[in-house]
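Worksheet for the structure shown next.
Chains here go by letter, A, B, C and D, matching the order in which they are written, and residues are numbered from 1 within each.
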Amino acid sequence: MSKFEFDRELDIAWCPGCGNFPLRNGLIKALKELDLDPTQVVFSSGIGQAAKMPQYIDANYFNGLHGRGLSVAQAVQSVNPKLTVIAEGGDGDMYGEGGNHLLHNIRRNPNLAHIVHNNMIYGLTKGQASPTSQKGMETNVQVSGVYNEPLNPIALALALGATFVARAFTGDTERTKEIIKAAIQHEGYALVDIFHPCPTFNKINTFSWYKNNTYWLDETHDPSDFKKALDLALSEDKYALGILYKKEGQPTFDQAHPVYKEDKTPIILRKRDIKQVQKLIR
Amino acid sequence: MSKFEFDRELDIAWCPGCGNFPLRNGLIKALKELDLDPTQVVFSSGIGQAAKMPQYIDANYFNGLHGRGLSVAQAVQSVNPKLTVIAEGGDGDMYGEGGNHLLHNIRRNPNLAHIVHNNMIYGLTKGQASPTSQKGMETNVQVSGVYNEPLNPIALALALGATFVARAFTGDTERTKEIIKAAIQHEGYALVDIFHPCPTFNKINTFSWYKNNTYWLDETHDPSDFKKALDLALSEDKYALGILYKKEGQPTFDQAHPVYKEDKTPIILRKRDIKQVQKLIR
Amino acid sequence: MRESLSIVLSGEAGQGLQTIEEFLVEALSNEYYVFTSKEVMSRVRGGNNSVEIRVASTPVYALRHHIDYLFLLNNHSFYRLGKRVTSETVVFGEEGFLSEEEKSKYGVDLTKFDLTSLAKQAGSKIYANTVLFGYIAGMLDLSKNHGHDLITARFESRGEKIIQDNINAFDIGYQLGVPFEVKTPIKKRTDHTKYVIMDGNKSLGIGALAGGVNYIASYPMSPGTTLLSYLSSKGEEFGVLAEQAEDEIAALNMTIGAWYAGARGIVTTSGGGFALMTEAVSLAGITENPAVIHVAQRPGPATGLPTRTEQGDLNLVVYAGHGEFPRIVLAPGKPEDGIQLAQQAFWLADKYQVPVFILSDQYWLESMSQMEPFELSDKYLETFTVTTEKGYKRYNWDTTISPRGVPGFGEGFVKADSDEHDEEGQITEDFDVRIRMHEKRLAKRELLLEDYIEPEFLGNKESKNLLVGWGSTYGVLKELVETSGLDVGFLYVKQPFPLPLHLQKHFEGKNVIVVENNATGQFANILKLELDVRVNERILKYNGEPFHIEEIEAKVKEVLR
Amino acid sequence: MRESLSIVLSGEAGQGLQTIEEFLVEALSNEYYVFTSKEVMSRVRGGNNSVEIRVASTPVYALRHHIDYLFLLNNHSFYRLGKRVTSETVVFGEEGFLSEEEKSKYGVDLTKFDLTSLAKQAGSKIYANTVLFGYIAGMLDLSKNHGHDLITARFESRGEKIIQDNINAFDIGYQLGVPFEVKTPIKKRTDHTKYVIMDGNKSLGIGALAGGVNYIASYPMSPGTTLLSYLSSKGEEFGVLAEQAEDEIAALNMTIGAWYAGARGIVTTSGGGFALMTEAVSLAGITENPAVIHVAQRPGPATGLPTRTEQGDLNLVVYAGHGEFPRIVLAPGKPEDGIQLAQQAFWLADKYQVPVFILSDQYWLESMSQMEPFELSDKYLETFTVTTEKGYKRYNWDTTISPRGVPGFGEGFVKADSDEHDEEGQITEDFDVRIRMHEKRLAKRELLLEDYIEPEFLGNKESKNLLVGWGSTYGVLKELVETSGLDVGFLYVKQPFPLPLHLQKHFEGKNVIVVENNATGQFANILKLELDVRVNERILKYNGEPFHIEEIEAKVKEVLR
């Protein structure tokens, strides 16, 4: 049995041709190449097609509520910073229902990788607009086409001070995998927004649309250049793929938290002394 | 009786010396100078010291739940676009609990003014950190000082495509008033983040701290220059005050909504024809 | 049980089962009695979904467990239905769709039905569904012309060629179906009623429109989403502002805001999404702001079984929100009531200034049945708002229901407050005002019972056995009462909360049997609490499926006196 | 009623009432019996707040309505208390603090007490509180030295000068107080117990620490915030990770995540904040993930009266969350129980893998009373998690309670799922698995009653009158039973939900009188539902205040048999 993979056949609930498949391959490859011990890896996800990912990777997971994957992940990481924690979900899950946790967890800079499958649509609920849906797309709810401005998660994350901001596209599994690896290795919060086609519901942002409307950053891009990253994030005629921004040395949530100032032991391993508590009754 | 003011004495629940008082003066002056009819003005607020504002202005209000002022405001405006709608509350209310509505209402560009009293603290609940509290501030919850990155509402709003983004300081009521007027007059979503001291709980960001750490933009600033606005928003050694950014001609939520495409009558004034419904039963 | 055939089509998500269902129900309805429902997995493609179509000589309102004719659309569409077949069942399918193991385990044989090659004959694999439609139409001797008409109507926008190909496909199937001999032949119906096919979703949409809805803000969540889509699709035509909210909290707060400003708003969701709205329910309570909330139940807790059915959220809606305030809960069990209760919901909310719940479930929303068309009443378009005068007080306590003004309409100000407030709507901490305002709100609980929506009684009034059901169990219990020959009465409750005392008379001296699609008997508890009813038996089901007619019959028999 | 004095200090927010209260309660506790509580407005400065200090010869546990000594700290601090004074009341204050109108309306006079100038004598206006402390200490003949000690301890970090000035201020007051003649003199206590002063908040904090808490994520909301502050302040010392969440939804999801990863977490909030958490309660239900949730009640609906008290959210916690799953509700009524129930909450949550609620209220949390110190048990630090083995199944159904592993500890994987799941924790739509898993979860409801926390019985076991209270009504009912001479028994329920059948024996043949601080009698309904108890009388209060001892006595007398 290969690490992170099941020794039985899986009934994967995704549609044929879906970008979630190559994403899964890339992710498993990343985990393997980092040589992580699956018992020390925890996935936290919400609800959606994307959020089913942990069901198909043999490791620990907490498959919680729609929109709340980041909150659970942040807590897991903070009580046991030794774990490798990955929060994963869709664009609706993480940018819609979960928007407030995105906002405030970026401020916390928890040491985790945040993988968002961005298919610009609500898949599991059968094709409504997501916060990243582009204007004009017609759906069963947006019957005359989307009219709200799409959310730019990359610009948003940068404006909030995220320390690692990347965008990938499942059309290139190899590079996507490398970005996921870098995100996991990054000390701090790492957002990886991953474009992937939803052949079933999103008839506009197809594989070739993504192909034609994106380009990969090359080595000349300096990910420590914040202004440049912001420029790239804001220019949407073509979407830049790659690690747009990366800032090192920023204290992570657990590093900054007073409970870990003196004592680095994960709080779950510390023993409570009843005598010490007894002293409070006086 | 003067418009927007009560003809009886008010028992205002704010602390002596609080920035909410000059803010109220500026706001009432703005409403009067715009010569608005108070019966056509609706305030929507959440909960907090700031959110008590509507109680002290004689006009319509919906004083709802903590964090949800923007949602109610947006709905009120959309069902009756003839009203002047103002959403008002504190930094905790609007950026903390209400963060997700901020994110997504900016995308909607509703035609309303969003006034946020930013005292960098939770006042009504007696002094915990707010999303805008600066690092190091000690409170009864952040006992060793704030360690999370403060939220930059101005940069956030710009990254999300807000069409009017301003910052004011109650130290200058006149300019604050002018900004509020411009925000109300702006066609679309207008964020006014207003610095004000909380002498009771925020001992760091005092009146003179704000005085020393801010400066007003002058006429040379071109509010249509997005890049410049973003630059200003991101530089926090001194905070720029004034209308940082303003974009005109972007369709507002109601303008863009299909229900108002053909028929501009507020939906609440349209009559339902039961015969038309009857046709659906066949 | 009625003379009926249960035809089940089993395939995977994406195979277009819904289209065949829609064709068949329309075609069948013209000549027979029909009822259909579906069960689907929580996935977009693959897996196994099925549609049951019941065709009968007399009206039917429920599903059968036993399958008479099973059409397999792929090689993994049998295993979940094994328990529902017997040697009586005819299983249609292509070579290999039924394994040898399955055959012997369940004692069934495969009747070869090579849909793929038939479809290819018609021009392409994509015509498989139409061939199947034709086949079943042929089997049941349906009008060929009507079939053609339905096809023409559906593919109108797709051009002549597509229409013609589909008609060919239909005819290929039809021709093969005609000679097939149906074992328990059913009679065609002789009444000339022009039934309309109605599912719960559509009935609520129509009812909402007939109740004056002009605003909907909701966040997608199965099975609540369909109402959002429906009203969105009618938005321009009827002047309904539909907006997808960023989350459920926004959705209800927006809806409350819309009512405050004079609209009639509804929010639609399911249990989990509704849980997030409960703070705002309390907001509607204290502000005395109307709200209509559709909670489409599915099995919990949490994500549970997202595409299946349950009646597990009655307690949730009855007790949702902090603090104490009145509310109304309505639960439709047939399409007529979907329309009428939805209409009434808006009127009641407006009249009593309380949150009104429409509590439905996946099964009811997605079942299609025949409804006799009726004239919609415009009574429920009546509004109760007033034009304000100078000095208007939103919470004037001279009457229990304070006249509700709308901002911008009149000389007064409309001040609504989530804090405890005085008559004007200004915040207060005066203890006496608190008591009076709180009692004014709570007094509406009695008052609103004046418009209590009475239950329907079916079956034998004199029987000492009383079945009690609410919402979606209506159909199966009605069919039971009408066809089983058992000595029972059945009280179908449309407004499960609050309950007026005069309902007690129905229960006196009876063997009270409450039937619910949940694990604890939530309505039985409400009967005890509100009416002191001693519930003798609870028939409960909570695996995610609705009750089947045979099952309910067996269970009821066990507990009859 | 007991021999007692009720001393009320009335001023505005920001005048430091809390400091005087803290001084006095400590000083008084050494020599008398004492109980104090406060009532404050929802504002930061101004308005009117008051503190009641009851001093007595024998133990007291509740507030009196009648005020014996009223100290006014400004000219707008009387009007709200008018109903609580009689001609017996001595009203102290500066010139003009009581208007002529007030004097004649309530038949009281002003006893001049020029606190400001006395404070100025001591050096500055800011010493007013200390002068007042000294004055009352003098009136009641408290040890001067002890007063000095308390002052020294409090101002230790502020330097010699501040200490000395405060001691001077105290002495100035003391000297004036000594000659004051107390009308109904009370005796000093003769027992030598070293009571500790404990309020509800602190008791929960200590209990949580003694129950092993090492995580708290919460969003501020009165009156729930204090527990967050308390545990934050103990964070470094005890290894508690405290984090202010961005909202309540995050707070409970984080807490659930923390438990999943092996921590013991608590979340603290009030009704409105809790309403937002209800979806996550259901998540804890299906994932069988422990959680401890402190709901500090205040009057609703919605924002209501944010700084006042009520017991209006019992239904909310009992029915919170969609779908059906077990839970435990604990309600402390005295500081000892604050400690013990909080300890047990963590242990029960861990043992039964269910959400456990601690349901308190503003009044109880903020009242201070004397507690006899006791030895903390370390029993509740016991944990129930296991090291996983290869092939570990989180939801192993061989036992009702599946052993709970923690990610990273062992060879197995810990897979928790909000969807219906199989034993491994993988998503499933198998109907049979659903039934079995659902029944496994629901079976815990019976099982956890094995650790039911028994009620306490006070008063006459043989009396035919039975008072029933839960949570914060404990004190006033205990005092009633002990001092009124009425023939009553009192059942103080610490775990209001779920209830074991063996409790029925307490109610048989009794005149059952349920006393609750809400408008509908929520616990009375639970008694009916769970135990078939016929509740004869409900004594309810819902203006935002707790019951006063005279009031409860009068109301109980009316309904005695």
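We adopt the following convention: a residue touches a chain if its C-beta (ideal position, glycine included) is under 8 Å from a C-beta of that chain, and two chains touch if they have at least 3 such contacts.
Model, not experiment: these values are computed from the prediction.
When the C-beta pairs in contact are tallied for B-C and for A-C, the bigger tally goes to B-C. When every chain is reduced to the mean of its CA atoms, the largest separation from subunit B belongs to C. A separation of 41 Å divides the Cα centre of subunit B from that of subunit C. Each chain gets one centre point, the mean of its Cα atoms, and the points for subunit C and subunit D are 44 Å apart.
Work out the mean CA point of subunit A and of subunit B, and you get 31 Å between them. Our note on geometry: subunit A versus subunit C, Cα centroid distance of 37 Å, whole angstroms. Multi-chain contact residues, meaning those touching two or more other chains, occur in subunit D at positions 41-42, 235-236, 242, 246-247, 249, 272, 279, 283, 287, 302-303, 306, 417-419. Across the assembly, subunit A contributes 47, 64-65, 96-97, 99-100, 103-104, 131, 143-144, 257-258, 261 as residues in contact with two or more other chains.
On subunit D, the positions that touch subunit A within their shared complex are 196, 198, 202, 205-206, 209-210, 212, 214-215, 217, 235-243, 245-247, 249-250, 253-258, 260-263, 265, 279-280, 283, 287, 339, 371, 373-378, 381, 406-408, 410-419, 425-427.
By the touch criterion stated above, subunit C contacts subunit D in their complex at residues 41-42, 249, 270-276, 278-279, 281-283, 285-287, 299-306, 308, 310, 312-313, 315-316, 318-325, 417-420, 429, 431-432, 434-435, 438-439, 441-442, 518-520, 525, 528-529, 542-545.
Across the interface of their complex, subunit B is touched by residues 14, 41-47, 219-222, 225, 228-229, 232-233, 235-236, 242, 244, 246-247, 272, 302-303, 306 of subunit D.
Chain contact summary for the complex, subunit B toward subunit D: residues 11, 13-16, 47, 49, 64-67, 96-97, 99, 122-126, 128-129, 131, 140-144, 200-201. Those residues of subunit A that touch subunit B in the complex are listed here as 96-97, 99-100, 103-104, 106-109, 131, 143-144, 147-152, 155-156, 158-161, 230, 233-234, 251, 253, 256-258, 261.
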